[in-house]
Amino acid sequence: MNSANGFFVHSQAICESEDIGRDTRIWAFAHILPGARLGSECNVCDHVFIENDVQIGHRVTLKCGVQLWDGITIEDDVFIGPNATFTNDPFPRSKVYPQEFARTVIRKGASLGANCTVLPGLTIGTNAMVGAGAVVTRSVPANAIVVGNPAKIVGYVDARPVCHEQITAAGKVAAQTETMVKGVTLHTMNKFADLRGSLSVGNFGHAIPFKPVRYFMVYDVPTEEIRGEHAHRVCHQFLVAVKGLVHVVADDGIHRQEFILDKPTQGVYLPAMTWGIQYRYSPDAILMVFASHHYDATDYIRDYDEFRILTECAGNGRP
Amino acid sequence: MNSANGFFVHSQAICESEDIGRDTRIWAFAHILPGARLGSECNVCDHVFIENDVQIGHRVTLKCGVQLWDGITIEDDVFIGPNATFTNDPFPRSKVYPQEFARTVIRKGASLGANCTVLPGLTIGTNAMVGAGAVVTRSVPANAIVVGNPAKIVGYVDARPVCHEQITAAGKVAAQTETMVKGVTLHTMNKFADLRGSLSVGNFGHAIPFKPVRYFMVYDVPTEEIRGEHAHRVCHQFLVAVKGLVHVVADDGIHRQEFILDKPTQGVYLPAMTWGIQYRYSPDAILMVFASHHYDATDYIRDYDEFRILTECAGNGRP
Amino acid sequence: MNSANGFFVHSQAICESEDIGRDTRIWAFAHILPGARLGSECNVCDHVFIENDVQIGHRVTLKCGVQLWDGITIEDDVFIGPNATFTNDPFPRSKVYPQEFARTVIRKGASLGANCTVLPGLTIGTNAMVGAGAVVTRSVPANAIVVGNPAKIVGYVDARPVCHEQITAAGKVAAQTETMVKGVTLHTMNKFADLRGSLSVGNFGHAIPFKPVRYFMVYDVPTEEIRGEHAHRVCHQFLVAVKGLVHVVADDGIHRQEFILDKPTQGVYLPAMTWGIQYRYSPDAILMVFASHHYDATDYIRDYDEFRILTECAGNGRP
Amino acid sequence: MNSANGFFVHSQAICESEDIGRDTRIWAFAHILPGARLGSECNVCDHVFIENDVQIGHRVTLKCGVQLWDGITIEDDVFIGPNATFTNDPFPRSKVYPQEFARTVIRKGASLGANCTVLPGLTIGTNAMVGAGAVVTRSVPANAIVVGNPAKIVGYVDARPVCHEQITAAGKVAAQTETMVKGVTLHTMNKFADLRGSLSVGNFGHAIPFKPVRYFMVYDVPTEEIRGEHAHRVCHQFLVAVKGLVHVVADDGIHRQEFILDKPTQGVYLPAMTWGIQYRYSPDAILMVFASHHYDATDYIRDYDEFRILTECAGNGRP
Amino acid sequence: MNSANGFFVHSQAICESEDIGRDTRIWAFAHILPGARLGSECNVCDHVFIENDVQIGHRVTLKCGVQLWDGITIEDDVFIGPNATFTNDPFPRSKVYPQEFARTVIRKGASLGANCTVLPGLTIGTNAMVGAGAVVTRSVPANAIVVGNPAKIVGYVDARPVCHEQITAAGKVAAQTETMVKGVTLHTMNKFADLRGSLSVGNFGHAIPFKPVRYFMVYDVPTEEIRGEHAHRVCHQFLVAVKGLVHVVADDGIHRQEFILDKPTQGVYLPAMTWGIQYRYSPDAILMVFASHHYDATDYIRDYDEFRILTECAGNGRP
Amino acid sequence: MNSANGFFVHSQAICESEDIGRDTRIWAFAHILPGARLGSECNVCDHVFIENDVQIGHRVTLKCGVQLWDGITIEDDVFIGPNATFTNDPFPRSKVYPQEFARTVIRKGASLGANCTVLPGLTIGTNAMVGAGAVVTRSVPANAIVVGNPAKIVGYVDARPVCHEQITAAGKVAAQTETMVKGVTLHTMNKFADLRGSLSVGNFGHAIPFKPVRYFMVYDVPTEEIRGEHAHRVCHQFLVAVKGLVHVVADDGIHRQEFILDKPTQGVYLPAMTWGIQYRYSPDAILMVFASHHYDATDYIRDYDEFRILTECAGNGRP
């Protein structure tokens, strides 16, 4: 039952499209409508249904029970788990959710867990992971891991969160500590406490490795919010959680690491060309950021894929 | 492959029933058992399974991967999203959930989102909406919108919640304000505040447009509870959230509006023949209700469809 | 050493005034300036000092170490404890406290505890009691008991606070209960509670013994505030603490009783010609008051001494 | 369409395996790969898919839309609801969840609700119940009932939680009360309360029916945590919630009962050979446990099935 | 101006009593009534007034402005600061405070600070100290230090509170630590903490230096309360603050020390014949006490002076 | 009764000192020991007692019932209210309070309210005010107003606290606002708020009018604590309450003003030679301070009188 066109269709499957790539396999009880386009080396399992206005890249796996509706794009190397469900409209026939009727896009390398649900018009970012059973109601950034109903970010791929203490040598509080991410350092400021209260001091140019031209404070952040998700071309920053707790993800394009800031005497330094994310703010968190340059909109890189290309060109993180 | 009986069955589908309405279409890999009854203009998508004791109205859509078990009734104009799942028993072989083994009924115009789950014996009310991925463990009232696991009411169809201030003209606090719902008015009571505390006054027959014969207070309401969901034939009422916050939905059979009561100086007047709902009680909420008549069980209309018919006969909301 | 004028002066005392009543005694090391006027049967103990512009009634006791400055009036039957201290200015030479430079007046029957301090220009009301060591910074109403620094009202003379339950027969919740105060009754409203919350009902003309023409709510009252301190000539009222806890003092001119309202199902009825006080509001307290008449400024009696005279004329509380 | 081998295959189904038990039925559009092994009297509904390395016991029901992947074992008498979804990897292609790549095992008598999701490598214990729509991220102990996303234990089969007061005779506080579980007793310790505070006394060897050799306190337990889930061969224990609230399940192999400990004056005695579970800790809960023996790792029975066999041999709970 | 009777009276003073001890001095403007009895070596400063029914021991100092009323007893070696004020009745002419009309007694060695106020009928215990400006409304135990309005115990004479850590050698957590009080030891229990919570173990006979026959828990103690204030003849005890914070004072008759218990892993051992006090409970404090003997009313010594005599006889704390 | 030495002594007073200034008057029953030294134009009222080692300036008033012990210095223009009480030792014969046995000093222009109590060894600063009945347990800074038991600072003389908004023009939020204090400016930083949280920006050298060399944070300050109370010779500072609320008093030697910092977007700039005080910290307050210079102990002026002299020399605040 080898197709003449280089792809395989099970005898009990119905494939009405001719636009199927080499070595793609279509299994029993699957049904593909004529307009659908599939790349090469895909695997379409039993009981899958694919409508017409659907574009699928190379090396995509569609496990059993998945349906792809008009208006869905799947990029290369995506995995869609069994019974993962896409939607045309979260509340059919209504306009409850605000998103406009854009295409649903699953970016390169993303994985969707078994039995998850994806609302219409969302984008699942590059390499992002959707947990089994998650109900995705907002677009998912690159590398993010989401779980739950509604789905929330619980981490980033390949970045296990570490406390300050876990990274410094046991029993030794260093003023400055290297991390796995190029140029990113953790810092401990002096603290003086007496009956009148506590006092923490940081000298610019010393404990904080540059002289800032401005500060900004971030506060009143809902716990489920993510901030950052960008890199700076020339600006460098120093972050202190003066109250509460914040998770900071730093990424040099090669390595990624997540730091938990939870003491007013701890800071993290982010050099230029570091992709930075802050999230998991505690309800009372206040994040103080010292910045080396004035605000400049052109200094921001907001697309992770562009950031990766720039760091590759710069040989970032390479010996 | 046009059926002789005026409905369409795909060649790869199995339709064992003859009781199928005109222009209904049954797609590939669907399977309908002999006892099932379907109305006209229905759409039964791929991989759907329908048992015997199932009744389906007209213009019903069943997206891919849906199964309908014995004991399910679907009224006209219902939409069932892909992989939406019905149950015979929430915990098979046990009696964990208290509901008796009644039929599952999906009322006219209701929509069930993709991959939602509906426990057995529940009723999804007229025009109600179940969000994608929701797990429905209690019956859903007419017009309600539910999401989450377990599913909770987050709003009512066509009734965006408004604050008192949003409805009154900007910068002007009117003593009495018309709403979109027939006869329902919002009221502002006088307030006197100084360092010794605050004092709010309402005169019966003036600010409160009738002389009550009784009051009742509602308090200690769990946040997830809905109260009201009924209309009165002759009794009219005046509601004040003396503490905390309550959402009040008022419906004249034609128009529906949701009011956020969050100040002890604000009241809402509900005339007779108004369908009223109170929900989203804050944990500390106390709702004071003044009523124009003594309690009379026969004054209550508890079925929304009956209420709609009565208001139509009365020409409610019509010019 | 009997004075020729019918009063006694110790040989070691200095009495420069001649305006001293019969049987008044002035003891060793006391010093009275020429302008002071004292009534009969007073007792002026050792080390007392009295300036010129001071008026003292009959049967007043001034214990050791007390000074009375220009601008102080002491009515009949007052007791001033040892080292109790009056002031010309709380912060001498400044204007920190707002009270104008009125006379300090200690009304009939009041008692000032040992070593208390009274700021200038205040009135200590009829029969009021100031605790030992108290620092009185605001005027004290009739019958009130104050202690602490700054002094706060902790009770009223002859009115021990009682809970609703203490006044009703043991194990029996009466719908209506007599109190010691003429015409004042305690009421229990019906309550219905289930998992969906609680509901308390009061019928006007039945459980609430009149048909109100208005309600008013009192809330956000600072704990140290006292409200009421007046009687109505014709208006009667019904009070319910719909949230939190309030102490209500009722006084018919003869008897006085203090009720603790702490349940939304409990009310107290105050007929016309009842002196009423509300205090010890818990921070979350909301007091709902139903009134039998519209607001009328001339209906208020705000002076306790006037109230006493009116109730005496009316034979209030008399057999 | 009766198979020659004693089992039934629908003409539209694909059954590539020969290892199918007697009286097992395989319905339309189901697909079974050659390596799968099924017991007798199973029911494989429409649209089911079964891979090769799958072992299925007797009397197993697989409702529509279920897929069973390589590495799954289903024991006898299991029910799998419609669209219930198993996973190869919760986040495909990653190692986010810590569990190793063990087989997924559904133990004897367990039931999985409609549209639930089960992460890979988990065990669903004997007779356990997974609610409809639940997302199971951790193994489920024997008899436990789980619901939600992520799934949490909300009870145990056949063990409705009871308060101490519900078990003692009405109006009578017994020092020691029998329960339905063999040898397990509830105890009330003496309490002395006055204005200076409260004091609770328990005498070892008397109110507490043995002399402990050690105590341990359990505190700071996250609400979702379960502790215990084991029996002791010789050690007996006495549990008191000295702060907050804890649910304790006791099981003698025949009877099971759940006790709510919510007063520091209440204790529960667990004799040796009692399967004990503690869960639903309130955030402030502190559980004090007195133990009759020193810690001994060999004293623990951690497998419920082994516990059942041992109690059966001992004739536990038998007349 | 030397008195013939061996005591001194200033020429401007009035001394009507003859019952004055040797070397007692009475200064200007003081006034002593005939019935008063004073011991030897007393110092009665300017402007003091002493009534008839007053008994004063030896070496008592009465600073300026003090009055002693009928019904007051002052034992030896007492110091009364300037303007310290005694009362006949806290609210003259009423019965507001509950104490009966007992004598006011100031025990041996006690000191009353300047301008303090002492309500009637109270006892100030041996060596107790009343702070300047304090208003004493309850009797003060032996050795206690009180300040404020109303006065509260803030410490005990010669017993500065220490934390567990301050008493153990720096950087070294000893299982058992000696204290300054005879036989009293501090103990550290093992703690095991993981993601499921924390667990603290104490072995009786090992970490806790005896095998208890009972435990009792003390909880819901208002912050201002004092417990203990007694010694045991044979019973010994082990105290652990399993929640919150408690101050424990231990006294062997010679040495006194105050310990702050604030961790569930810390305990204090009190042998027999130790005077023990617990106070400054935090609002959430729970004190667990293990006792070596069953309750026996005759085992208690509740009078500190008796305790001192017994320990002296026993040579307690002597080499 | 005019003294030959130019001062007046009442015939019933005892004045043993000759060192009394011109026009000073000493009234009845007062007693002054030989070593005391009084300035001119003082007023010593009835029943005052003054020991030997006492120094009193000019124009001092001592109201009735005051005693001055050895070791007290009263500067010019001081007012001591009636029965105000000084102490030799707060707890006579002990060492409970930590202050060493320094002289008690009442600085120029200070006023002590009636019946207040002052513990030994304290200094009451220039122009400070002690409220009636206050119990002063710590030294009072210049210009401070204290009340209560124990006495706490509630304000500063001639400095009513103002909010940021009260000082800026109505309806207009200026980036920088002049104040009444020389060189001190209030600043509003930009704020950007959206659903993801709020962000506040301050540029060094712009909104913050200098480039700091360090920051320090002050937090965990007990509400009753006062910080600052000093000026800097060259260092200037910028203060922001990033959390909670702080009162800041600024004083240029001529004018004084108190600012309430309660928003993270508000800052106050203190130039060099500004006397600064921070107090009334809310429990959650965190004060961020940017400083223009590194820490230098010699930069601090800690004595207010020295500060006044230096600013006068500099012509501070003069036209």
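Here the chain labels run A, B, C, D, E and F in written order, and each chain numbers its own residues starting at 1.
Everything below uses one rule, namely that a residue touches a chain if its C-beta (ideal position, glycine included) is under 8 Å from a C-beta of that chain, and two chains touch if they have at least 3 such contacts.
Predicted, not measured: the structure shown is a model, and the values here were computed from it.
Note on connectivity: the fewest chain-to-chain touch steps from chain B to chain E number 2. Chains that touch both chain A and chain C are the following: B, F. Matching CA atoms, the turn from chain C to chain F amounts to 125°, rounded to the nearest 5. With each centre defined as the average position of its C-alpha atoms, the distance from chain A to chain D rounds to 36 Å. One simple way to say how far apart two chains are is to compare their mean CA positions; for chain B and chain F this gives 65 Å. Those residues of chain F in touch with two or more other chains are numbered 29, 47, 65, 83, 115, 135, 149.
Touching pairs of chains, sorted by label, consist of A-B, A-D, A-F, B-C, B-D, C-E, C-F, D-E, E-F.
The part of chain D that touches chain E in the complex is made up of residues 193, 195-205, 211-222, 225, 227, 242-243, 264, 281, 284, 286, 288, 294-295. Contacts from chain C toward chain E in the complex involve residues 12, 28-29, 45-47, 61, 63-65, 79, 81-83, 111-115, 129-133, 135, 145, 147-149, 155, 157. Residues 14, 29, 31, 47, 49, 65, 67, 83, 85-87, 90-94, 96, 115, 117, 119, 135, 149-150 of chain A touch chain B in their complex.
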